[in-house]
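Next up: the structures, one after another.
Each of the two complexes below includes chain A, the first together with chain B, the second together with chain C.
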Partner chain A sequence: MSDRQSPSGRRRRVRSVWPSMVPLAVVWCLLWGEFSLFNILAGALVGAVVVIAFPMPPLHLHLRPRPVALAVLVGKFVVDVVVSSVRVAWTTLRPGASSLTNAIVRVELATPSDFVLTVVAQMTSLIPGSIVVDVHRARHTLYLHVLDVNSAEEADEFRKRVLEQEERVVAAIGGYAHDIDERSDRPVREGGTKR
Partner chain B sequence: MILLISVHLLAALAAPAMALALGRKVFMALAIVPLATFVWAVLNAPGAAPVTQTVSWIPSLGTDLAFRMGALQWLLTLVVAGVGALVLFYCASYFHDDDRVGSFAATFIAFAGSMLGLVLADDLLMVYVFWEMTTVFSYLLIGYDMTKRSARLAAMQALIVTTFGGLAMLVGMLMLGHLAGTMRISKILADPPAASGLLTAAVMLVLVGALSKSAIVPFHFWLPGAMSAPTPVSAYLHAASMVKAGVYLVALLAPAFAGVPGWRAGILTLGVLTMLVGGWRSLVQCDVKLILAYGTVSQLGFLLVVLSVGTRAAALAGVALLLAHALFKSCLFLVVGIIDHNAGNRDLRTLSGLGRRSPVLFAAAAIAGASMVGFPPLLGFVAKESVLTALVDVTAGGDGTGLGPVAAWTVLVGVVVGSIITTAYTLRFLWGAFADKPGVEATDFKTPSPAFLASPVVLAVLSIGVAFFGGPLTKSLEGYTHQFPPGAHEAKLALWHGLGLPLGLSVLALVSGALMFVARRPIAHAQTKVAQPWSAQRAYLSLMHGVDRLSVEVTGFMQRGSVSAYLAVTLVVLLAFPGVAMLMAWTPDVQVHVWDTPAQAAAGLVVVLAAIMTARARRRLRAALLVGVTGYGCAVLFVLQGAPDLALTQVLVETASVIAFVLVLRRLPTYFTDRPLSAQRYVRALLGLAVGAAVAGIMIVATNARTAQPVSVGFPEASVDFGGGKNIVSVTLVDIRAWDTMGEISVLVAAATGVASLLFIGTRRSTIRRVGDLPQHHAAEPKTGGSWLSGPSTLAPEKRSIIFEVVTRLVFPAMVMVGVYLLFAGHNFTGGGFAGGIVTGLALVVRYLAGGRYELDEAAPIDAGTLLGVGLVIAAGSGLAPLAFGGAVLESYQYDVHLPLLGDHHLVTSLFFDIGVYLVVVGLILDLLRTFGSRIDRQIISEERDNDATNAEVAR
Partner chain C sequence: MTTFFDVVAAICMITGSLLALVAAIGQVRMPDLLSRTHPATKPQVLGLGLVLLGVALRLREPEAFGLLALVIIFQLVTSPVASHMIGRAAVRTDNRGEERLVVDELSEDRPQGRADEGDVPDQR
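Right, the complex of A and B next:
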């Protein structure tokens, strides 16, 4: 990095310390299990030291958290996890589970944001039954391995669920919300693949 | 006395710096130190009580820094310090200004200090320590001219021979100390242990050390070899001091142990033999320095004969001879040094006319030579007369020694014959060095400066002067001689012993020796005729050759290069010794407690299954991961046992090692072997099972063997009261057993260094490269979505994962926070510097995995070696810091701090120790990442590049 040496670069780095300190102080308090003044100050101090000792490129997230949307996102996510767990358990344990059909499903996300892509990918992976196997960053496309997909319709339905998930994420944290374009109605070619 | 020895060693430390400023004048400055010692010794002439000084050193071993100066020690101190000062003064003229003067002077003065310590020490182990110090320093002094192969070989030969003797002596000393119940020499001499076979063995072993140091047959050959040392070294080490160490030891122990069977028989035989062999060899030398060297061997044999007899008269005569020898022999060596320095030649066939060119030098040499042959009225004559008187007394009825007349006469005749030869080679030396030889061109000889001549002249004058002080000397040495019973005649040193057999023998020796010198040509002719089929030197060389050969053979046999063979040997030894011991210790009442909760059995089952599958795995990666499963299973067992600290550490270590495995396995074939499985694998499996069973059995037997209260019972209170923490494990590591941890992190640093340097030869530092160092970096950076990490842009697109990058960017600081939290929390909660270090290290692993080697260097642009070193320094420094406040090493202190608004806080100083541990662990993981990760990456890339180049070449 060329700005590592220049004074303006150093100043920029010092300025970038502040936004990181707050979350790190919270992490510190959670670790100690107590939000005392001492822990908050110590956490901020340790956080500052960590950020300065391990510098990383500056981050511009432009997050606008909305409490109601966030609650909807979390609530729906919990429901999804529970429902999917039961379904996966049934799918794998039911008679005839050996003739299971799975699919690789490609989902083109609407948002060009890396952050949104990551959150969606992580949440989708956390929901049992589907897991991210590859990502195409430039086209912000996820490739997901999905359990028990028997037809192109079921794949489309899954794709729709992922895109709804994305909308909820964008609504809740607002990363690049204005960038949503209408590419999601493109025809899809992938379908279920027999194993 | 401790002060004097310390001043010598401090002077040695200061000498190189002083030499930079003073050049060769540094020798004059350093000469003040032994001169002061000499003055101190003169002022402390032996009185009623010896001078003693004792400082407790290792009370639990009964070893003290005990020093004692009796009459014998007094005389030797005078010799060591006096000759030392004169030789140092002489060095200032002998050496030229060059950059090695400083190290030479330092070694020389350090040697003088060690020699002083050897003489004054009153503890057997202290004597041994100083003894070996003189060995090491003499090695450095003999090998001064390290560019000459002969000098290095001679130094090594002297080192090996005297160290061999020194080790034998150490064993003998330990046995002696055990028998006597004390290591204090004065106490052992006052109350010697009763005669027994063990005592004889102990004394004989000590004698081996003494004889090897004093170059007695069969160890004599190292001394002439050591003549490749600069001549001042020969004058001091090989005339006055070091070779006298063995003589001193014999003289010291003679009052108590002369009656031990084998003492007289052994030393008298070897001594007389040495006297004759040394003299005989001396006669054929053409190098005047070698004449003196063999003469010294001869004289050392003579000294040992006299000092081992064990009568009062012989003891007094021996000590006088020791003094006389130190004076005349060092004088002669210094004379040879001047000849060598100013004529550039030591060969008596080409030296001619030196006596006329420098009469003063010749006079000094003549006086010293006359003293050596026992010419009146010199000190050598006084000593030799006393010796002959004492030996004549022994022939007449043993004089209390129990020696028969045949033995006594044999010794006397041997000594007289030796004296005749001494006269012959002394005359030959003086003739060879100084005479005008017909037909030989006069040697070009620069007249030496007065400063150069001063030391030998002083020594020669002393050879005359001291001879007239026989009475006072006799009186001074009573403290030593009166340890022996009074003999047939009163023992005294005097110029005139009256007419009698001794005087007759002296005259006989002088006259016959002179005749031998006159007849030197026929004698030399006869000597060359007598073939020498065997010599100790040759025996030594063939022994050394045999040892070399044996080591080559053993290495070739043992180190075959097969890891499985090494492992098999190790495991078979494990079975053969601890395994068999376990079987013998196994009793039917050994109790096995199966489990506390069935959950333990479940965890155990997982571990066992994983282990079996590991053994069956054919893929390396699979085996590595399965081994990881056994580790995580152990962590579960720790949790079930109620040890979250251990479990946490185990999980972290297991994770780190699985990652290290995977990084390494990239470069290894997928399968352990591509060949068909061999039947040998059943043998291996059997061995593995047996070892597993043995280890399990050993653990069962060991835990059943407990009879005492476990040491850890007191730990809970101790960790709160003394360690100031509620986490027993952590307090144990950083406080109660901090020494162990100190040792462990040292091993960790060594292991990390070993890994880094074994895999790749080169320094660690050269491997750090930042993204900004890359030329086309900015062009490669994609602009979309900003930059989450800077390293991944250096990777090929198919190797990147945007999710991984985003998560790493967000999680990394939090991971480091967790590491720091564990470091601080460890004292009271689960955690500690070790766990914290691994978590921080894993954070770096994540950065590396997300962004490659440049990302790692961005995350930690620091040399792993620096981290390891700083960590070790902090740990050691925090351990030593209490010393400055009057505490003990690694002692910890606690402070309760009240901060307004911020609450009460408890501060324990052992936190700093833990910070050291933390840094060492982070450094270790960084080192592993750089070695297994970054450097292997680079190797892979450069191989790919080479392959591409080769393919392009082929295509063209």
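Right, the complex of A and C next:
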């Protein structure tokens, strides 16, 4: 990156320390069990050392969190996790596990954003019955191994559920193509309704 | 009220433990590597969450809540990565259990099981 040498680049880098440092300080306090002044300062110090010693590639996020859509996303996610856990538990326990059939399904996401891709992959992975086996970043495509799929129709149904999940993610946090043109604030695809 | 919370805590812990047991049974019963990954990584997340909820309801100490929340947050963040690494390794070493796949769109796209050839190589 060329902006590492320029003063503005360095300032941006220093400013980018904060968003990672504050959560690390909070984690430090939680681990010690109290929010004393000493813990907060020590946590900030450890956080700063971690962020500076292990720098991450910069993320250019343009998030617009929407409380209602976020609540819908989280609520639906919890329901999905519980329902799917029971399903996977039943798949595990029912007789005839050797006749089980699975599928590897390709899902092409509509949003050209690394962040949305990551969130969707993470959430889909947490819902039992599906794991991400491969990702094509340039085509923002996920390949998911799905447990207990009996036909191509069921595979299509699963694909539709992942795309609905993506729509909920975009509606909740916004899906800008920050990694394609970080300076443009033009949304590539509006998710949800404008408020 | 205390008894009520204790009963709910007990139910949460027992259900959580049962889900962990199912995960263990799945390791024995599932026919191939990728199928095994499913019960190993996911019902157990909900199981751990229920156990932690039970612990929180039983302890009723605010200092403990933060720590319990951290445990489940780290579980939620790391579990998909772990299952993805196993799944990716399984697919790339040709352990995808082909005879059990009704649909295999990864093989259609990349017969070698690699989806990212020609992908942008930066920032990994």
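Definition applied: the second predicted complex is superposed on the first by the 155 of 195 C-alpha atoms of A that agree within 3 Å, B and C clash if a C-alpha of one lies under 4 Å from a C-alpha of the other, contacts with A are read in each partner's own complex, and residues count from 1 in each chain.
Methods note: a contact is a pair of C-beta atoms (placed from the backbone, for glycine too) under 8 Å apart; a residue touches a chain by one contact, two chains touch by 3 or more.
On a predicted model such as this, the values are computed, not experimentally measured, just so you know.
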Touching partner for A:S20 - first (chain B), second (chain C), both, neither: first
Touched partner set for A:V149, first chain B, second chain C, both or neither: second
Of chain B and chain C, the chain that contacts the larger number of chain A residues: C
Chain B versus chain C as contact partner of A:T92, first or second or both or neither: second
First (chain B), second (chain C), both or neither touched by A:F54: first
Partner chain(s) touched by A:T101 [first = chain B, second = chain C, both, neither]: second
Touching partner for A:F38 - first (chain B), second (chain C), both, neither: first
Touching partner for A:Q122 - first (chain B), second (chain C), both, neither: both
Interface residues of chain A shared between complexes with chain B and chain C: 27, 31, 57, 121-122, 132, 135, 137-138
Chain A residues within the chain C interface of the complex: 27, 29-31, 33-34, 57, 81-82, 84-85, 88-89, 91-93, 97-98, 100-106, 121-122, 125-138, 141, 143, 145, 147, 149-152, 155
Residue ranges of chain C in contact with chain A within the complex: 19, 22, 25-26, 29-31, 34-35, 37-39, 41-43, 45-47, 63-64, 66-67, 69-70, 76-77, 79-80, 83-84, 86-88, 90-91, 96-97, 100-110, 113-116, 118-120, 123
Contacting residues of chain B [partner chain A, same complex]: 770-772, 778, 784-790, 800-803, 805-807, 809, 812-814, 816-818, 820-821, 825, 858-860, 899, 901-903, 905
Residues of chain A that touch chain B when the two form their complex: 1-2, 4, 20, 23-24, 27-28, 31-32, 36-38, 41, 43, 46-47, 50-51, 54-57, 59-60, 112-115, 117-118, 121-122, 132, 135, 137-138
